[in-house]
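Two complexes come next, and they have one chain in common, chain A, joined by chain B in the first and chain C in the second.
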Partner chain A sequence: MSYLNLTISELHALYVSGLTTPLNVVNEVIAALERDQNNILEQTMYEEARLFAASLKEVEVDNLLWGIPFLVKDNIATKGIETTASSNILNGYVSLFDAEIITKLKNQKAIPIAKTTMDELGMGGCGMTGHKGVTLNPYGKDNNRIVGGSSSGSASGVASGYVPFALASDTGDSIRKPASFAGLVGYKPTWGELSRHGLFAFMPTLDHLGFLTRSVFDVSLLYDLTKGYDVKDFTTNIQKSKNSVETLTTSLKGRKIAVIEPIFAKLTNETLLKEFNNLVAKMEAKGAKVSFVKFDELLLEAILPTYLILSCSEATASNANLTGVNFGNAKDGETYEDIVLNTRTEGFSKQIKYRFLLGNYSLRKDTRNNYYNRAQKARTLIVKAFNELFNEFDAVMLPAAPSHAPLINKEPEPNSEVENNYLAMANLGGFPSLTIPFALDKGLPLGVNLTGKAFNDALILNLGYQIEEITGLYNLHVGQR
Partner chain B sequence: MDKKIIKELASELYLSLTPEEEKEFSEQFSYFKAQAALLERIPHIDDVEATLFPHVEKRTYLRDDEVVETLPVDEILSNSKNAKDGFVIVPKVVK
Partner chain C sequence: MKYEVIIGLEIHVETKTKTKMFSGASSVFDSPANTNVSVIDMAFPGTMPAVNKKAVENAIILAHALNMEIDHELHFDRKNYFYSDLPKGYQITQDRRPIGSNGYLDLVLEKGTKRVNIERLHMEEDTAKQIHLAEFTLIDYNRAGLPLVEIVTKPDIRTGEEAMAFVEAIREIVTFTNVSDGKMEEGSLRCDVNISLRPIGSDKFGTKVEVKNLNSISNIGKVIDAEIKRQSALLDAGKKVLSETRRYDESVKDTVLMRLKDDGVDYKYFPEGNIAPITLEKDYVAKVINMMPELPNIKKKRYLNEYKLNNHEVNIILQSKDLTLYFDEATNYTANYKTLINWVIGEVSAYLNKEGKTIKDIKLAPQNLAKLVNLVNDGKLSNAQAREVFNAIVMTNDDPEAKAKALNLVQVSDTDFILKVINEVIDENLNVIDDIKNGKDRAMGFLVGQVMKKTKGKVNPALASSLMKEEINKR
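Showing the complex of A and B:
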């Protein structure tokens, strides 16, 4: 019997019934990871995982994470394991501590098993810019599609069925876009719900930790078990939020959903449009009220530049500590300045250098008002406009991407920037945001996104669960049992 | 974008660029500026209050006066390629 391609709940049921053990499962996961052809791995933790699994003897019936293996995006600190965020500048850097989220999962007896590839330092949306090269999407018959980024290895690994879930991070759409391309459930909770202690900072006021899974129940469970205030991260929320699992089965009756018409009008994929409209009809048949609403198009167009300016600016500061002196992949130099210059010049890829230049330009004394300061003001207006919508509606619902996963070597379809980048609004406002699969287009997954008011995590997950019930796309994966 | 400014920006970031990178970045800046110009079209944008964080909770950042464990210095320095006796060694800074 194979133990791959199972959700957390399914694997837990096997443990409880005594049909397998964590060590059996871990060994099978390792064998599958060793056969992987999609370039998902940075570092492995196989021996640590085997030891941990072997120590788990008595199944904890009420602990669904007991013995569950998982993957970790490589910008999350793991004690004793090289952690590079897929950047050459951090080659050889070994974390001295576990990120708080890793500690919480280990305390639940979940088993971290490998670190996954990503776009370098989280800056990218294609899974092609990390120092190990292109990470592939397991969907598509010719193995030639991107899986999206920046959480590329985590997404590809979960879609391949190796593990039930992976840790990931999301600054613009880095969990929710790959989820769409890989047929996964991808969730970033309200900003501050999960401790970011141990997450490498990209843009701290937009950075979120989150999860990639193959069922809404699993992502709800993970959210409930890992959220909460952490003294080591002063941006975690003090107010206690509702648990989500217990309200997943609440019906759609009376729920009010907004579809932003100016974004929807830009979509052209016929299957996507047909399936989305089918979904709307089915949701309405279950009592939801779905409205196509107007939205200020100037503000929709402002989402990308606001994100771009703010994220590049803060990234220059967040990564200023990457000098090679205190840690990292130092290069030689005759002076202190030479060491820093050579380390950074050789350590960062061209794309990262370009982003830093944009950030530095936006922060300069003579240009700051027209770039960084103005983007902060645009952020106010964008967030205000969405909050006004959330006063009237439970959630905004839209396709998470204009189409299925693009081919690696093909130019993207000529969509505008709006429908490709609107998901960043959830980072600007810190809103809870969930992508789940809702249809297949010639065998390739299409994702739908739900985003709601900050702290309404339980409501967003409830809506996602109800949509999963409608579509039946539960535990979608490409693996073979 | 003027290549002189590109060089200045890179220098401030402790980055050295190849002539090809300078040329490429100079051309790419036009896309960035076109995107940034979209913000100018928003009426009265510069009169709006800036948003720094998604939400802010009232709290105190004072911690209890308790002893907590911190990482040993030797462990912290183990990630530096050139450390000795509790210090990171760099070439002479004061000239």
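Showing the complex of A and C:
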């Protein structure tokens, strides 16, 4: 019997019934990872995982994470394990500490099993810019489709059914876009709900940790078990927020959902439009009220440039520690300046240098008024407009991407369309944002996104769970049993 | 001189905390190199700053002492530049909203009181210490991330004397409030001087020169004198003063060029996104201020008004915070403040100087010094006897009264006993009595001397003298 392709609760049920053990499962996961053809792996933790699994003897009936293996995006610090954020500049860098979220999951007896590939330093949306090359989407029959990024290896691995969940991060849409392309549940909670301690910074006020799973229940469980104030992260929420699992089954009756008309109007994929309207009808039949609403189009168009300018600007500082002087893949040089120059010249890809240039230009004394400062103002306006919408509606609902996963050679980056990049609004506002699969288009998954008011995490997860009930697209994967 | 001197100071104070500004690494001075270092100080990926509450409280105390407005919310910013002493590639500081703004400090100078306005006071973190050797540079990260407070004055200072007085006043404040060691030689107090000249009567500022990292108060005066000389010579010769960063070179007793100021340096400040704004509740700020140690100027007032000490005495004792704390503690056990201050700045200080000790090194508790002072004031010990007792107990903290007895030093005030001895002496010297009665006062001294001799000096001479007079008159 195979223990792959199971959700957290399914695997837990097997442990409780005594049908298998964490060590059996870990061994099977390792075997599957070794057969992987999609280029999802950075450093593996097989020996550590086996030892940890072997130490888990008495099943903890009330602890659903007990013995559950998971994958970790490579920009999350893991003690004693090389952590590179898929950048050559960090080749050989071994973290001295675990990220807070790793500590929490280990304390729950969940088992980290391998690090996963990503777009270099999180700066990319296609899964093609990491130092290990292209990460593939398991749904692409001829190894020809992207899985999206930057959480590419985590998404591909969960879609392949190797593990029930993966840790990922999201600065623009890096969890929610790959989730759409890989038929997964991808969730980024409200900013400040999960400690970012140990997450390699890209832009602190846009960076979020989150999860990729194959069921809304699993993501809701993970959120409940890992959220909360952390003294090591001075941006975590001090107020204790509501748990989400208890309210998942609340019905859609009376829920008010907004579809942003100017974005929806740009969509052209017929299957996607048909299925989305279908979903709307079914939700209304269950008592939800779905409204197609107007929205300031200039603000929608401003989302991508605002995101790009701010994130590139602050990325220059977030990555200014990568000099090769204190750690990392240092190159030789006569002077401090030479070491830094050589290390950064050889360590970063062209894509990263392009972003740093953009960022430095945006922050420069003589140009910042037109770029960084203006983008900060735009951020305020965009967030204000969405908050006004959230005063009236429980959530904004839209397809998470205009189509299924693109072919490898068809993805320009950065792409400029509003409908392809609007998800970054949830980073600008720190909003809870969930992508779940809602249909298949010729065997390729399509995702729908729900985004709500900050700290309404339980509500967004409840809506997602209800939609999952409607679509029946639970535990989608391409793995073999 | 035909130029007006315009001086502004930037003072960095390393404030006292157990741990660093944003990490849990120890902040103990003088630890072996690179032993007080955490992953945060090294800027390892994924680390985040955690604000040190004590460092914030130190900044609140200083801002209050400098009569500043204290911001009700803490905001931090990133100051971006690459340098080998800066692991993160940026320094966390407060650019947009310093914790303190618009303050002042009144300096008491010989010519009167001078108010120096203070523009801002902000918190930031220190950089690593670099030791440049011929072939390579060593970096000590113990200093990286230590909490600093930077105080920036308005260009209100006009002379070297004022500048020195200002730094001295800051030093006094930070040490008395226990906010910092305030040691310029160890770098816990650092001063940069901005100085420019302009023709007297002009209202336009001249070109400013910055002199960095002065390591003593007297050097501040020397730097200013040297710069006034250098800049006036340039101006006299019709030359321009260049915008420069200079340093003081002890060996040539002059400032030397470090670098030309480059207005192109752009630190690209932006808000520190890893620290959410922190609200400083009014009650909390009030509590911090309420708990702070007494400021030197308030202490001074108390000494003058409550204890009726004179200016000379107060100025001397205020030079040492520890001495004032010792004095303050002793005042709980004696009301003889005058005698007490004379002992503290006299006998005690002399002893410390002679032995090369500080007040913390001696064993004698303030309570026992007070007791000793009371023995003197009550006439139970003469000053000479008290000195002997002091020397015997300063490193033992024995009870002064018991020690005096053990040394056989107690002055006898028992009148019956004294009268008995006096009458003995009179009987033995009846011839002298006649001399005294005939007005030979000198003979009186001889008789008292005899009494002292018989009692081995234990009798209060004044008392013996007056009793002697009475007894002779009876005869």
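Going forward, the second predicted complex is superposed on the first by the 475 of 481 C-alpha atoms of A that agree within 3 Å, B and C clash if a C-alpha of one lies under 4 Å from a C-alpha of the other, contacts with A are read in each partner's own complex, and residues count from 1 in each chain.
Just so it is clear, a contact is a pair of C-beta atoms (placed from the backbone, for glycine too) under 8 Å apart; a residue touches a chain by one contact, two chains touch by 3 or more.
The structure displayed is predicted, hence computed values, not measured ones.
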Between chain B and chain C, more extensive residue contact with chain A: B
Partner chain(s) touched by A:K188 [first = chain B, second = chain C, both, neither]: neither
Partner chain(s) touched by A:K177 [first = chain B, second = chain C, both, neither]: neither
Which of chain B and chain C A:R145 touches, first, second, both or neither: neither
Partner chain(s) touched by A:K109 [first = chain B, second = chain C, both, neither]: neither
Partner chain(s) touched by A:V325 [first = chain B, second = chain C, both, neither]: both
Touching partner for A:T83 - first (chain B), second (chain C), both, neither: second
First (chain B), second (chain C), both or neither touched by A:H477: neither
Touching partner for A:K350 - first (chain B), second (chain C), both, neither: first
Touching partner for A:H197 - first (chain B), second (chain C), both, neither: second
Chain A residues contacted in one complex by chain B, in the other by chain C: 93, 96-97, 192, 205, 231, 234-235, 316, 323, 325-327, 336, 340, 360, 364
Footprint of chain A on chain C - complex, ascending: 39, 42-51, 78, 80, 82-84, 87-90, 137, 266, 268, 270, 272-276, 278
Contact footprint of chain C on chain A as seen in their complex: 75-77, 83, 85, 90, 93, 95-97, 99, 192, 196-201, 203-205, 231-235, 313-314, 316-317, 319-323, 325-327, 336, 340, 360, 363-365, 368, 372
Chain A partner contacts - residues on chain B that touch it in the complex: 5-6, 9-10, 12-17, 21, 24-25, 28-29, 32, 35-36, 38-42, 45-46, 48-55, 57, 59, 61, 63, 71, 75-76, 78-82, 88, 90-91, 93
Chain A - residues contacting chain B, complex: 92-94, 96-97, 191-192, 205, 231, 234-235, 237-239, 298-299, 301-302, 304-306, 308-309, 316, 323-328, 330, 333-342, 344-345, 348, 350, 353-354, 356-358, 360-362, 364, 369-371, 373-381, 383, 417, 428-431, 454
